[in-house]
Amino acid sequence: MNYRSRKLIALTAVAATAALVLAGCSGSSSGSQKPDEKAPSHLSGTVSLWHYFSDREAKAMQSVVDDFEKANPDVTVKVHSGQSDDKMSKVIASGGDLDVAISSGTDDLGAFCGSGSFRDLGPYMKRDNVEASQFLKIPYGYSSFEGKQCSLPMLSDTYGLYYNTDLLKAAGYTEAPKTLSELQSMALKLTTYNADGSIKTLGFNPLMGFYENQAAQWSFITGATWMKDGKSTIADDPAWNQLMTWQKGLVDKIGYDKLKKFTAGLGDEWSGDQAFQTGQVAMMLDGEWRVAFIEDGKPDLPYGTAPFPTGDKQTDLYGGGYSSGDIVGIAKTSKQPELAWALTKYLTTDTDALVKMANEIKNIPTTTAALNSPKLKLTPQFKTFFDIAASQHVFTLPTTVIGSANQTTMDKYWDSYQQGKGGNLESGLKGVDKDINNAISLSKGP
Amino acid sequence: MSATATRPSTLDTERNRRSGRRKPNSVLLWIAEHTVLVVLAVLFVAPIVFVLLTSFMSANQTLTASLWPNPWDFGNYVRAFTQVPLAQWFGNSAVYAVLATAFMLISSVPAAYVLAKIRIRFANTIFLAIIVAMLLPPQVTIVPLYVMWSQLGLTGTLWPLILPNLLGDAFSIFLLRQFFLTIPSEYADAARIDGNGELGVLVRVIVPMAKPGIAAASIFLFFNAWNDYFGPLVYTSENPDNWPVAYGLAMFHGSHGTDWGTTMAVTMLVTIPVVIIFFFAQRTFVEGITLTGVKG
Amino acid sequence: MTAASLREGRDNTQTRPSRPIRSRAKLKRTLVVWAMITPALLGLAIFFVYPLLANLYYSFTSFNLLSPPEWIGLRNYQYLFTQDPRVVTAALNTLWLVVILVPVRIIMAMAVAGLLVRAKRASGLWRTLFYMPALVPPVASVVAFVFLFNPGTGPVNQILHAVGIPGPLWFSDPALAKPSLVLMGVWVMGDIMIIFLASLLDVPRDQYEAAALDGANGPQRVRYVTLPHMGPVLLFAIITGVIAALQYFTEAAVASSVASGKTGVSVQLSQVLGYPSDSLLTYTEWLYVRGFSNFQLGYAAALAVLLFVITAAFLFVLLRRFKAFTPEGRS
């Protein structure tokens, strides 16, 4: 008995020591985080690029990368496509081969930047005369965190209204709605039903969770804000109340169950059966990339684009929209920081590269030079989004250390609210604020 | 005492038959039992049939009301290999499953033998630890193990899932031990008397007698590796080159959302190797697990 | 080996080891024996004991994977028990699975096994038929089931529609998502059915006859002869079933991502887990989200500690009561 328990204790002690030793050294070592004195005159070596594009968009990215390789014949770029943030963070944390990362949004920038996983690009920019003024204001802003410019914007997304011109014409409409009231009345008129009462064609799908219907993307509509001084202030902003009340009103008018059933049968957002492309939904909120998807999947679709309607009280916001976008960062563990910076600089400031990407992926380039380039292929539908990007009233989402947890918390609550299970809106939103603040304080320490 | 009763439940009818009566109930009962069985069988086979039929439908038809392919589109199976690197996924799964099983056998058979047949000091503690390890949810250990594997630079590959089997697999050890317990010790004793060391006893006597149990443990591990989703999710999600088939199938639906025809074709293809293996190994497999499960 | 020394062993299939080292041969034997078991012991130490302890350590830290862990004491646990908005839902969902999925599968497996035995169809084609679905990789089963139960275009609703019943939303309906998973769980019950079948066939006939002679009728014979004999197998099924339910991840995750239509290689899993409306959010899924998507691995470790405690408690109670698997008490 003695022997046994002694042996057990010994085993435990060994394991515990190993645990502490291994636990102590996590996170990976990194070289110097400062740029060299002068930019290298000749670039050579291998640099790895991780991005989130796939299929058609990945091909576009590849052609831009090929151009970079042509301009720098001694450089090879290893491309990893289809990577999401959680995959990339795992690689960075384990010191894997990742030099340049393109993230699809700013959700995780807080974590990447706050932990130093993305290098501070300020010194590099200073040395090579890359100025803040080259970039659009909002994207430049959302690619920094707590004052550190640890990433640069590349392509941004703006959201607007897509509407099926044929369906609108058939119902007697010639213009897109500009306010929520107009949107509602048009949506109801454009909705048709089957013999058994189920929805046949939907004027506008107000359900949160459907395609791009999320709290962040909708926040622009009434100019709703999320945070102040690092704390979540959703309940304090009456714009949210106004927005959510309107949304639920429309849901109830059509019927939650009917909408749910209709939505469940719709095609996948990224497939050829996307509901707007099939004509099952007459109007919807979507990003500017949809133009490319329509061109690719249903080029004969009769549609128009316009800025999204605003709340009745917020008509001065009209013409603007919600904006977010991808960001490019250099991993702290990169073994080729100068090469990585050269590639980053190319992707984010080279006008030709940006214009090419904008034309093929149909996103908005984020430098003023590219925005004004004559080489941009602007169809009328696509131009709408450029105008939105250039407008005064562009809203974006604040970056936090907890990733997208604030969005998820809000979206979860809105989901139960629209079903009628959210209780009193005031106290519900106060609960959302509380949860977000708790999560932030958990990450930031006691 | 009745001479023949081969199935306990027929005792009533046996007795009745002997006494010359045939209850009308028994015929109705037979009909009822068989009807239920047939209905159940149909319900159980139906999903596979539907999947099979869908795998022969063109993408457009899968979204319509028709339940029968018209026309029959065999292209889905071709597309299954061209649209995604299915062959590569199969390769990855094969490497994972085969290596894991081989490693498991090397490490776990001897360990199970010791636990079953040889009285060593902490046999009970060790066995208890094995049981707890076997029943531990992987999520409990995933964080430290992930950190450890990333220190070793093996994340992004399947090695974190394969290598641990070199140091034994808890469930396999459990299964094998239970099985070894059913082998009478006279055989081992005889071999020892003949001058064999423990290793000789194991290899020359025990293993040949334990084929069903070893086959069962192998098949269990093989299937677990083949079907593993959570492991590859954690360790290989960022590296599509190393995706095994189960993870790939889940990701496949992602990029080809409505191509149900090809998705179902991939589903069938993913299932077929497993069915084939089971088909050939049926008898030993069933014998193996029942002998361990039944005897406790 | 004498008969006496054989009897002395706790179990008549084990052999006494030699007494403390007397000769080179005995030494060699001891070394060989320990060599045979050392890999497994190492495995236990590295892949079981170490992670458990390390996980415990991490649970007291704030760790975002990208920087070294920072000690924060009980903060994670405080958050877990008082401030985490979705952990209760996740725990309840998992509990639901334990309480509903496990018994339903076991009862169904028993029923089918019993039926097969009664109808004398316990082998060959029939047995294979009911077992086959269990062979399908779980990911494939889920993808297939979500497709079959697609509210708009799936065959199940087509058939229901044809007979005039309005088809429910199945995997998209928060109230029906878990029951739909149970349906799938029943479909793959073959893995326990097959063990039940073997056990049923193994009951000694003379026990039935003895019971019949004593005046026991059908149901009584089942209760006093069949079920006790099936004890070990039932226990095995319950234990493995509950453990599987406590760590339920794959089926729920794949069902949510397929049913939500939000699938894409770059879509974060965390966005879709739990769809619809968190009804499929299991405890281990929530652990994964907090750890790998919210960069809160210290907190994920705390969730893991809680899971371990509950699993261990359950095992302790059950194994203590039945002692069916340890060498001391064999039923």
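Labels for the chains are A, B and C, by order of writing; each one numbers its residues from 1.
The criterion applied here is as follows: contacts are C-beta pairs under 8 Å (C-beta built on N, C-alpha and C of every residue); 3 or more make two chains touch, one makes a residue touch a chain.
These figures come from a predicted structure and were not determined experimentally.
S.K.: With respect to inter-chain C-beta contacts, which pair, A-B or B-C, contains the greater number?
M.R.: Most contacts of the two pairs: B-C.
S.K.: Give the identifier of the chain nearest to the protein's overall CA centre, each chain being represented by its own CA mean.
M.R.: Centre-most chain by C-alpha means: C.
S.K.: If you average the Cα atoms per chain, which one ends up farthest from chain A?
M.R.: Most distant chain from chain A: B.
S.K.: For chain A and chain C, what's the span in angstrom between their mean Cα positions?
M.R.: Spacing between the chain centres: roughly 38 Å.
S.K.: Can you compute the centre-to-centre distance for chain A and chain B, using the mean CA position of each chain? Integer Å is fine.
M.R.: The computed centroid separation for chain A versus chain B comes out at 41 Å.
S.K.: Which whole number of Å gives the spacing of the CA centres of chain B and chain C?
M.R.: Those two chain centres are 14 Å apart.
S.K.: What parts of chain B, by residue number, touch at least two of the other chains?
M.R.: Chain B, residues with two or more chain partners: 63, 144, 147-148, 240, 255, 257.
S.K.: At least two partner chains per residue is the criterion; list those residues in chain C.
M.R.: Each of 49-50, 54, 58, 65, 153, 261, 263-265, 267, 269, 292 in chain C touches at least two other chains.
S.K.: Which residues of chain A are in contact with two or more other chains?
M.R.: Residue numbers touching two or more other chains: 19, 22-23, 25-26, 54, 82-83, 86, 90, 93, 267-270.
S.K.: Applying the document's contact rule, which stretches of chain A touch chain C when the two form their complex?
M.R.: Against chain C, the touching part of chain A is residues 11-12, 14-16, 18-20, 22-27, 52-54, 82-86, 89-90, 92-93, 104, 108, 111-112, 115-117, 209, 260-261, 264-270, 401-405, 408-409, 412, 415-416, 419, 431, 435, 438-439, 442-443, 445-446.
S.K.: State the interface residues of chain B toward chain A in the complex, per the touch definition above.
M.R.: Result: residues 63, 121-122, 125, 144, 146-151, 153, 155-156, 237-238, 240, 255-259 of chain B touch chain A.
S.K.: Taking the complex as given, what residues does chain C use to touch chain A?
M.R.: Result: residues 45, 49-50, 53-54, 57-58, 62-70, 72-73, 75-76, 79, 83, 85-86, 150-153, 169, 172-173, 259-271, 277-278, 292-296, 299 of chain C touch chain A.
S.K.: Which residues of chain C touch chain B once you look at their complex with the stated criterion?
M.R.: Per the stated touch rule, the residues are 1, 6, 9-17, 28-29, 32-34, 36-37, 39-44, 46-52, 54-55, 58, 65, 112, 115-121, 126, 128-130, 132-133, 135-140, 143-145, 147-148, 153, 155, 158, 187, 194-195, 198-199, 202-203, 205-206, 208-209, 212, 218, 221, 225-226, 231-233, 235-236, 239-240, 243, 246-247, 249-250, 253-254, 257-258, 261, 263-265, 267, 269, 284, 287-288, 291-292, 297, 300-301, 304-305, 307-308, 311-312, 315, 319, 324-328, 330-331.
S.K.: Please output the residues of chain B touching chain C within their complex, sorted ascending.
M.R.: On the chain B side, the touching residues are 1-2, 5-12, 15, 30, 33-34, 36-37, 40-41, 44-45, 47-48, 50-51, 54, 62-65, 67, 107-108, 110-111, 113-120, 123-124, 126-133, 135-145, 147-148, 164, 166-170, 173, 178, 180-185, 188-189, 197-199, 202, 223, 226-227, 229-230, 233-234, 240, 245-247, 249-251, 253-255, 257, 260, 263-264, 267, 270-271, 274-275, 278, 282, 286, 289-290, 293-296.
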